[in-house]
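Let me begin by handing over the structure; questions about it come next.
Chain lettering (A, B, C and D) follows the sequence in which the chains are written, and residue indices restart at 1 in each chain.
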Amino acid sequence: MDKLIEECGIVAVAQNRGIEAAQKAFFGLNGLQHRGQQSAGLAICNDEDISCYKDMGFVSEVLDEKILNLLKGSMALGHVKYGPESESLQICAQPLVISYRNGSLAVAFNGALLNGKKLREDMEDNGAIFSTKTDCEVVTSLIAKNDKNNITEAVKTMMDKVKGGYAIGIMTGTAIIGVRDPMGIRPLALGKINDGFALASESCAFDMMEGEFIRDVRPGEILLIENNEITSIDIKSDTKSALCSFEYVYFARPDSTIDGLNVYNVREMAGKTLAVENPVKADIVVGVPDAGTPAAIGFSLGSGIPYRPGLIKNKYIGRTFIQPTQSQREIDVRIKLNPIKPMIEGKSVVLVDDSIVRGTTMRQIIASIRGVGAKEVHLRINSPPIRNSCYFGVNTPDINDFIANANTIDGIREELGADSLGFLSIEGLMQSLGGSSYCSGCFSGNYPIEV
Amino acid sequence: MDKLIEECGIVAVAQNRGIEAAQKAFFGLNGLQHRGQQSAGLAICNDEDISCYKDMGFVSEVLDEKILNLLKGSMALGHVKYGPESESLQICAQPLVISYRNGSLAVAFNGALLNGKKLREDMEDNGAIFSTKTDCEVVTSLIAKNDKNNITEAVKTMMDKVKGGYAIGIMTGTAIIGVRDPMGIRPLALGKINDGFALASESCAFDMMEGEFIRDVRPGEILLIENNEITSIDIKSDTKSALCSFEYVYFARPDSTIDGLNVYNVREMAGKTLAVENPVKADIVVGVPDAGTPAAIGFSLGSGIPYRPGLIKNKYIGRTFIQPTQSQREIDVRIKLNPIKPMIEGKSVVLVDDSIVRGTTMRQIIASIRGVGAKEVHLRINSPPIRNSCYFGVNTPDINDFIANANTIDGIREELGADSLGFLSIEGLMQSLGGSSYCSGCFSGNYPIEV
Amino acid sequence: MDKLIEECGIVAVAQNRGIEAAQKAFFGLNGLQHRGQQSAGLAICNDEDISCYKDMGFVSEVLDEKILNLLKGSMALGHVKYGPESESLQICAQPLVISYRNGSLAVAFNGALLNGKKLREDMEDNGAIFSTKTDCEVVTSLIAKNDKNNITEAVKTMMDKVKGGYAIGIMTGTAIIGVRDPMGIRPLALGKINDGFALASESCAFDMMEGEFIRDVRPGEILLIENNEITSIDIKSDTKSALCSFEYVYFARPDSTIDGLNVYNVREMAGKTLAVENPVKADIVVGVPDAGTPAAIGFSLGSGIPYRPGLIKNKYIGRTFIQPTQSQREIDVRIKLNPIKPMIEGKSVVLVDDSIVRGTTMRQIIASIRGVGAKEVHLRINSPPIRNSCYFGVNTPDINDFIANANTIDGIREELGADSLGFLSIEGLMQSLGGSSYCSGCFSGNYPIEV
Amino acid sequence: MDKLIEECGIVAVAQNRGIEAAQKAFFGLNGLQHRGQQSAGLAICNDEDISCYKDMGFVSEVLDEKILNLLKGSMALGHVKYGPESESLQICAQPLVISYRNGSLAVAFNGALLNGKKLREDMEDNGAIFSTKTDCEVVTSLIAKNDKNNITEAVKTMMDKVKGGYAIGIMTGTAIIGVRDPMGIRPLALGKINDGFALASESCAFDMMEGEFIRDVRPGEILLIENNEITSIDIKSDTKSALCSFEYVYFARPDSTIDGLNVYNVREMAGKTLAVENPVKADIVVGVPDAGTPAAIGFSLGSGIPYRPGLIKNKYIGRTFIQPTQSQREIDVRIKLNPIKPMIEGKSVVLVDDSIVRGTTMRQIIASIRGVGAKEVHLRINSPPIRNSCYFGVNTPDINDFIANANTIDGIREELGADSLGFLSIEGLMQSLGGSSYCSGCFSGNYPIEV
């Protein structure tokens, strides 16, 4: 499926006693699998000693029973990742664990730095060496180099130096630290679990850990969990927050609540607005599963046109499905997503999806809906057209690959073969989010930090 | 998940020319993966020579690119299986390929024989030997033994001798044959594909093959595809048809049409009837994904209570997910299915599922919905209580394991922890099916053939 | 390596009590791994109930800890196989387990039938069906069909009907049976193990089972082990025995003793004779490991030229080694077998191997020995030239692929690039075997049974 | 098998043109597989850009066809490793690739530093961070930190700071560098290959690369290969060389030549001396394959007692062999190594092995030889008793685990159950090596550098 790809998910666990933190973190990581399916890793701290296991693959593949049984400790830091091509290597998997003068550190990073390359080169000029090209290693090096026996001061110094959007989980021999960039571009939340606390990119992870969401880590906050106590340092002063709006559009799970808003709710509300902004006369509303379903339900509520789950997803077609030949390329999407003919035949259909990037898949979906006899296909997209790259931790293709790049709405409609096409406006999206303190860079080209 | 388990899916492909029948069948089999995930197999016929590959695993695991490239021929016969414990062996995977005096035969079987054991023992008494205990081998032996250079006569003789519910795909060196038992208990359909014809347990398989549904194989019909021509022999005389109603309740894919009825449609209609039969005052209707979704939408339509997708399924938790310890058993279901708290909190919820077998999972789902603050949980099941074994090809647990066994509705409700509980009546189910020519044995104990 | 390939190894275990027969058989099978690396299988009998596991792969891959723990019983029948291309399928793996009127049978077969195809067709004409094209299934069917509640009589009838060379292990619900063809073409031995008896293709298997060799099964003998007692029926009358001489030349392990002769001893003795028959002046004798080593030591003893292990085998290059490109094809053999330059440089070398089939590898070995500076390379082969197919269970290539086919000794020498070449004569081989009651068909074209 | 374990093997390839250096290095690494079976890795340089793939496993498992096809470049640096427990992690696999101010470096290390921990801590005190605890990372950091645009000067500075035994392969964006410590404790050789040069831990690797041995890298030499030219810097002044004598005793392949001596030759010579030093009257000499074979042949030459290959190794028992139960523990060694009974029965046997560490396996071998009827078993070991740890790159067990620790020769003999026991003296070993410039620390406790 051609979608934008979130690059990472973070889970951290600090329990007051016991050695089962890895298991808690394992459950949490499974709840964040949608944030990264390329590699997974888990670092554990036992008596100030940090060890780590990470590899390419899904959480439940990398962290099998044998491995989990070896990872004993009261604190854990886990990560799932989907990196850009250049980082799709085992060595780039996280958490990154290092040894330095004050002991060991494990670091899990979600986001991107604007000045990461520059900072790395500066440190190299001063004699530093690096194993990877990742921003995670830059952040880790900055913390280690500036740690004069005060880790939170070191984190502060790191935050002074870096520019970008990020959420970071850090594990020392005695503490867990959570950090969000001053604008809160990437999410991170604090939860209560049995015998301790946890951090996670999304609140749904706490549900998997039998825990409860407490609050979001604040933009610019350094949150330290040590000896079962929480200390907070806010370094943010006057900046306006700018959480990534695409978290609500597509990345996050519908059962997560981020910065006060439930993700499902935002999607349904946006779908209602989408219907108001782009009215159409039609017989049924069909969502593209799974991401388009809340939007379609919202559209149905906003328009009064009945919602029908008209596309059936083959739940057995996983990563391993490889087409035996190219000859059936055009049938590809129907293997994964098949329309219910008797529901669609002779109907005028509103097809709703969350977003559109390259449009390749959407063209095939529309063709297959027409193929089973739809009278009309009206496409509605629950977000604005994507025309700009993300610089804050989302894997966007070359802008020339965006179907909306240098293209009119009608041009896009024609390419996709729809009878009509409507996008949610930026204002409509912001209205669904109840404000404007969000990054909408990929839609608007206006970024919260100059790029 | 505790559900009844369909035992098999069949695909057959007969093309007029070319050697790519295996690839067609591969796509079709992927569309039938839900009918059996234990083993998969594909036999191919090239110039009257039959070869076969089968193994434990998913279709796309067993039939990888390398294997498919070896399976060249103009006819193919494929099978997916979920057998009972005693048949969960490689050697029981199908199609079964044999060599006999008139050449080779490949046979793929879906269903069960009442007199399979007896027939096998009779043949053994006459000197026959068997490799497995499967009904498939009994059927195959009967055909082979009675084939006096007329394969359809041999199939007829086999049908005279066996009692049970079945759909069978047979491939000889020159023809494909499809058979349904005289009451049509198990489904089988005929489709048109590029350059030929295909058979499949469900019509959705034709969509995956870029083909089109033509018609169902009739109860008691022997349908022969040879030299791109179709010959039909109806051996059924006066029996009433009795297609398995559970195909509509749970087994079949919503995008399939069986014996004239679209599966999604039946489920939605039943859901409406369920709402009428079991009215309740509530705020929202939530379905248990994926199987409960059409029923929930129907319930919403029937009751006027708004539908909400309040349970989020973790689509990355596959077969391989193994819990590291037993300690978190109770959280198990939330890893797979998590309620959206802000949607459910303080609400009175109608929870809808397609069917209920043991009830173990349902108890956990209800607990998790209450855990996020539901005011009330009203359970509605889109089929009658299951209290009887199936003898026609469905893998049912011991009847003592049915939660409805020797239990009242209120007893079940209490066990599950629901505020109220309603099942669809047998009449309601039949009404949604537009008639009564269906097997409802697992619900009613009335079987179309004496057991 | 281009060698003739033995097709099978058999192990059977009958213990008086306990359920660990599978483990005994597992150790025995590991000792017979050299007789077949394509598939492995083990059938077990517990309380008259036979179950079986078999798959493609090595013994220790197929029969892993998990599988072995499932195979509980006091009797076991195991098999390793390297079949011809047409049988390199899972379904052809052995033992073959069948169900018939008198219960269950497991059969493990080593050898080949001259009239196997004919017998199968006869049975098919009488209505029998077959799952494979293997002689094993023919033998099994004959036994099952003729078993009128007397299994040894049924085996006798089978032996009356079949023509060929074979050793067979049979397991019924209560007994183990070992059979050798009337000429004893394929080997089979009886051993004593803890609490019972065992059968094995070679005596070395008993060493792995902490057991002891008792005696060879006699040509034409049916040996029944039941209730810890041995009953023997000799059906052979006047035929002369004809054990495969290639068992001594190459197939069997040096630590096995077959029909009274230790395999290593025969090879060394033959090597001495080879030296006498083909004298040469040279500095050192080098064997091609592993099979040529005993021959080279024998040659050294016979000629007085010192033996040196001048070719080093890379013991880590296993089945999985695949060359990344074809470009280095000529270096292929050196990856596996590298000459010690300082030992060979400037020397006149006698290179000794056990046998020669296509000669491809040998040509490369000679080139590499010359490449490190050998002055002369004199090739000596410890068996006669192979010019004929085997019909009794050895996988021989097309006779046109034999380097000795329609070729003179000098022609062969030239093709291989040796300075001189000598083969052991048939008489020399027979002399090393202490008699002439051996099949030398592949060398002489004279077979013990008309082919 | 209980043996001392060499920790690493290195291969480097610098070709003048083309992009196939990885394939050359792959063949070379396969020839060094005996030096490390735990992990393997290969870095490649293409147009000054270095990339790397490494993982746990054998060379041919880690570097499969797919991976090799991705590794295109004209220079390559490969490594095989068997690390201590604490380094048996993916992240410790080599080569280590880093990015620093002057570009990228790949480093492959064989050996150990006496002051590695101290150097790491010093650098940490100055703000450096480390990913692993390996000496390789210490060496790499020292080079990177001291590289002021002159890589050989940086290597020199590193050599000034470190104390220990090592051979190092370094790849920059434009050059390959080979280094041996000032005493040449670990081996490294230079070879000529098609279109360029190569470095390898042992000369046998050049044979696998169709290349030729040129000379050993000298103790204390920095050898730079750039633009197809070789530049040498000798930093060694007055130190005496001290190559590890155990390379000849056990580690190296018999077909390698190190510092002017062929390994097979040394072993055979030592065997002769062993016979002279420890005479015995016996019938046959049997070597423990594979390592004891050259020693046994030497013993035979030195004593006049005939050599016989009386122990047969099961070549199919690989890494994957896991015993199903403990019950047959004592038979363990016979699965792997079985005596030829007819050769040994009634004989007085001299059993020869290369070395003895814990003695566990040897005790079992002697028992099995007695078990087949040996009259006497006289054990002769082709090296002195091991009583001391190695500090220069060999994985030695705790000294309390050495059978020779605080034990007399007669005490060892009794523990092993031999009739007599003789070790090669240190003088005898040195004599076979033609001098005394070797490290014999594990035997004598005298190390070339104070430890």
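Basically, a contact is a pair of C-beta atoms (placed from the backbone, for glycine too) under 8 Å apart; a residue touches a chain by one contact, two chains touch by 3 or more.
Being a predicted model, the structure only gives us computed values, none of them experimental.
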Expressed in whole Å, how far the mean CA point of subunit B lies from that of subunit D is 60
Chain centre separation in whole Å, for subunit C relative to subunit B (CA means): 48
When the C-alpha atoms of subunit A and subunit B are each averaged to a single point, how far apart are the two points in Å? 37
Per-residue overlap in subunit A, given as positions that touch at least 2 other chains: none
Edges wherever two chains touch, nodes for the chains themselves; is that graph a line, a ring, a star, complete, or other here? ring
Applying that definition of touch, give me each pair of chains that meets it. A-B, A-D, B-C, C-D
List the residues on subunit B that touch subunit C in their complex, please. 52, 55, 90-91, 96-101, 120-121, 124-125, 127-133, 140-141, 144-145
Listed in rising order, the residues of subunit D that touch subunit C in the complex are 20, 23, 26-27, 30-31, 33-34, 37, 58-61, 64-65, 68-69, 204, 207-210, 253-255, 257, 262, 264-265, 290, 293-294, 297, 301, 306-309, 312, 314-318, 320-322, 324-325, 327-328, 330-331, 334-335, 338-343
